[in-house]
Structures are given as C-alpha cells and as structure tokens.
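Here the structure comes first, spelled out in structure tokens, and everything after it is commentary.
Each chain gets a letter, A, B, C, D, E and F, in the order it is written, and its residues are counted from 1.
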Amino acid sequence: MPYVNIKVTGGAEAPTTAQKAELIQGVTDLLARVLGKNPATTVVIIDEVPMDNWGIGGATVTSRRQQSGAGAARPADPESR
Amino acid sequence: MPYVNIKVTGGAEAPTTAQKAELIQGVTDLLARVLGKNPATTVVIIDEVPMDNWGIGGATVTSRRQQSGAGAARPADPESR
Amino acid sequence: MPYVNIKVTGGAEAPTTAQKAELIQGVTDLLARVLGKNPATTVVIIDEVPMDNWGIGGATVTSRRQQSGAGAARPADPESR
Amino acid sequence: MPYVNIKVTGGAEAPTTAQKAELIQGVTDLLARVLGKNPATTVVIIDEVPMDNWGIGGATVTSRRQQSGAGAARPADPESR
Amino acid sequence: MPYVNIKVTGGAEAPTTAQKAELIQGVTDLLARVLGKNPATTVVIIDEVPMDNWGIGGATVTSRRQQSGAGAARPADPESR
Amino acid sequence: MPYVNIKVTGGAEAPTTAQKAELIQGVTDLLARVLGKNPATTVVIIDEVPMDNWGIGGATVTSRRQQSGAGAARPADPESR
C-alpha cells in the first residue's frame, strides 16, 4: 500500500517510457523486498519538472547546465546542514 | 484553511473542466461539513498525471490499460500490507 | 486509483478518529460519483500539521489563533492573486 | 539540505523564467539566513498549476477570475478554522 | 538530483531504522542505474503515516486491519479506473 | 494564493518556534515582492523530518552526521545529473 513520488528533471533530460516503467518496477520490488509490501497496491507517481522550475544551490538547473557546459567551476562541497 | 491535493490520471482519462469544478466544490463542502472548516480558505489542487508516469502493481497505467483492453487477467486481491 | 492528500491543523484542532474515517469515506465516494473512480484503489492520506508549522497571511496559525482569541482585528479580504 | 515546493497559478499568471530564478535564489537565501542551511544542497521545485485545477472558496481560480473581472462581489472574510 | 518521497504506514507497521536506510540506499541506486542520476544529490524522504490517517477502499487502514484480523472478507478486485 | 511546503530536518536540528515564524513571514514576503501574490492567502507548511527518514547520497542524515562528527571524508562534488 505504499505511495511513492519520484521527481526528476524533464525536458531534454526526461526519462523515456521504458525508463519510467523500469523505475516503477524497481521501486515496487524494493518495497516488497525490504518491507514485505504488496506490489498490487503500491502506487508510484513520477513527476517531470522543467529545468527552469528546479533550483539547487540557489540557481535553476537550466543555468547550472549552461555554466557547466561552458566549463564553469562547480561548487565543491555537497555537504549541508 | 485545509489544503487538499487530488491526483488522477490525465490524458485520455483527464477530468473535464466541469468535473474539476465539481471535485473542488465537493471536497470543500466535505471539509466544512465534517470538520467545520471555512470554505473561503480551503485550497484544492488537482494534478493530472500522464498514464506513463503512474504505476500500480509494478507497471504503468498505460500498460495495464493495454492488457485489460486485450482481455488479460487482472490481479485478484487488492489487499496489501 | 486516485491519490488524495488532505492537510489540516493538528494539536487542539486535530480531527477525531471518526472524523478522519468520515473524510476518507467522503472523498472516496466523491471520486467514484464524479469521475467513476474505483473506491477499492482510491488512496487518501491525512496529514495533521502542528499550528506552529502552518502559516497563512505571513503568520503562524498559533499566533493568529491568539490574536483572534484576544479580539484582534482579522484581515478583511481573502481575495488573492 | 532543505526541500522546498512552491505552487503558483500557471497559464496567463505563470511566473517568467527570471521570476522563477528570483524565487529560487530568495528562498535559498532565506533558509541560509534563518536556519544556517547550506545553499549548495537546498532544493526548490516550482509547480505551475492550471487555473482550472486550483480551487479556493469551493470554486476554480478560473471562475473566480471571471467573476472578479465582471465586478462580482468577493467573499469578505479570509479567516478560517 | 532526483527527489523521492516514500509514504508507508507507521505505528505498529513502521519500518525499522535499518529498513529505512535500506530503502534510501535502494532507491538511490535505482535512480543511478536506470537514469544515471548522481547519488550525491539524490534526496529521499520517508513519511510514516498513522494507520488512522491512511485510507484505502473508503476505510482507514486501522479498520481494514481489524476486519482482516477477524477473518472478514476482503475486496476481490484491485483494478480501478 | 500560493502554497509553499518547506521540509527541513527535525529532532536535534528542528527549527524553533521563532525560526518557523520567520520562515513563514520571509517566504510570504518573497512571493508578494517577486510575483505580487496576496499575503493574506499565501499558505506555508513546514515539515520537520526525522533524520533517520531523510536520505542524501544514499545514506540517512543520521549516519552522515555521525560520520562527519567522526571526521570522516565527505563527498567532494555536489553536481548531479
């Protein structure tokens, strides 16, 4: 009976139909294996978020992709409070 | 002041504008009737999820709809842990 | 197969067990009636949010309840952009 | 490491790319300033919700916008339980 | 950079600390394997929902567990629209 | 009318009541300033997530905090796909 929501970047980075099916199967199997949850009622919803609408490090993914395409420096430490 | 999020399948199964209005009115009334919540500040958001992005039973709704259109057997027991 | 999430204030305002059951039944019936959704696989999750953690009008519900208990003026217009 | 989700109306009211970048920067800064959270791992996701899919006061935003464009009365008190 | 939210029943059915760690590792690995996502910035949040607050089939999980403990019939078909 | 959900780690890292009020005020002001949204109907919900239930980099925050308290190396690059 678990409910799982997976958010990934969409647009040029959107998963294919086959990849989405594989994610759904994989996370459903994981919940059955680790917690004994019934696959028949495990619900998985995948959201594809436009890169302009996803921010990390205070900037949109769109601008981060542009910077890294241009060889710009990337932040050095992912550790956070 | 409640907040309600309703997720349903979109695409060919998407609710019409009138159905969305009816859901919003219905759930707002329900919260007023059961909990005495003020309709003026009850927020309802409906998400229409593509059938390739919604999984149940380890498969996408797209593939389940294809199987049941083809007369394939359906899982027999919805009970889950 | 719909998924519904209802958030209401908890603590002193938390719904009773009977009210939660009534909300679950009510919203499940609504989705069956309006959209023909199968109740057997309609999932409803209720979150009870502490009043210190819920903000509206730029203030926590806790502080709004204190103000209105004290007879303070309330904002006059719920309309928003 | 915080995760923030911001939902606003889309369509004709959708934020521009520059406004989305400003929201992401602003909320990331806020979490750093108030809670000392690391901007490098603060995630912000903005959802643009169609006006037919957003309800408040028991009606869709679409119908509320039409009413207020027509000079109709608006509800007078935003206070809610 | 994916964000994953997993909701499971809590209370007597809550996952252990070790099971939660295994879910987090498993879903992070899945996203790396299927989509090539970077584990360093994959975020997973697990919510444990009280059984009175989780509804399926129009009833709370609490009441469903009581019925099945008492040998009551269970619904026969998980298929839904 | 925006809806904002902020998730941060709870337990020993939980924000104080004053910090939660400051976050609510800050994000409400941000939405008014950037998008002209009405503060009166801006809703903000803060979730405090137990550190065992929050994963990043494939591990729970609990275990990451233990490692960094022990001087263990931290991952070097937050960039992700």
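The rule we apply is simple: contacts are C-beta pairs under 8 Å (C-beta built on N, C-alpha and C of every residue); 3 or more make two chains touch, one makes a residue touch a chain.
Since this is a predicted model, take the numbers as computed values, not measurements.
Undergrad: To reach chain D from chain B by way of touching chains, what is the minimum number of steps?
TA: The least step count works out to 1.
Undergrad: If we define chain centres by averaging CA atoms, which chain lands farthest from chain E? Would you check?
TA: D
Undergrad: Higher C-beta contact count, B-F or A-D?
TA: A-D
Undergrad: Shared numbers divided by all numbers used: is that above or below half for chain E and chain F, i.e. same or different?
TA: different
Undergrad: What's the farthest chain from chain A if centres are computed as the mean of the Cα atoms?
TA: Between chain A and every other chain, the largest centroid distance is to C.
Undergrad: On a C-alpha centroid basis, what's the spacing between chain A and chain E, in Å?
TA: Here chain A and chain E have centroids separated by 18 Å.
Undergrad: Please compute the C-alpha centroid of chain D, do the same for chain E, then give the distance between them in whole Å.
TA: Each chain's C-alpha centroid was found; their separation is 28 Å.
Undergrad: Taking each chain's centre as the mean position of its Cα atoms, how many Å separate chain C from chain D?
TA: Distance between chain centres: 18 Å.
Undergrad: Counting only residues that touch at least two other chains, what does the list for chain D look like?
TA: Touching at least two other chains: 1, 3, 7, 23, 35, 37, 40-41, 43, 45, 54, 56-57, 75, 77-81.
Undergrad: Contact residues on chain D for chain A in the complex?
TA: For this pair, the touching residues of chain D are 1, 17, 20-21, 23-25, 28-29, 35-48.
Undergrad: Going by the contact rule at the top, pick out the chain C residues touching chain B in the complex.
TA: Contact set of chain C toward chain B: 1-9, 15, 19, 22-23, 26-27, 30-31, 34-35, 37, 40-41, 54, 56, 61, 78.
Undergrad: Sort out for me which residues of chain D touch chain E in the complex.
TA: 1, 3, 41, 43, 45
Undergrad: Could you please specify the touching residues of chain A with respect to chain D in the complex?
TA: 7, 49, 52-60, 62-63, 75, 77-81
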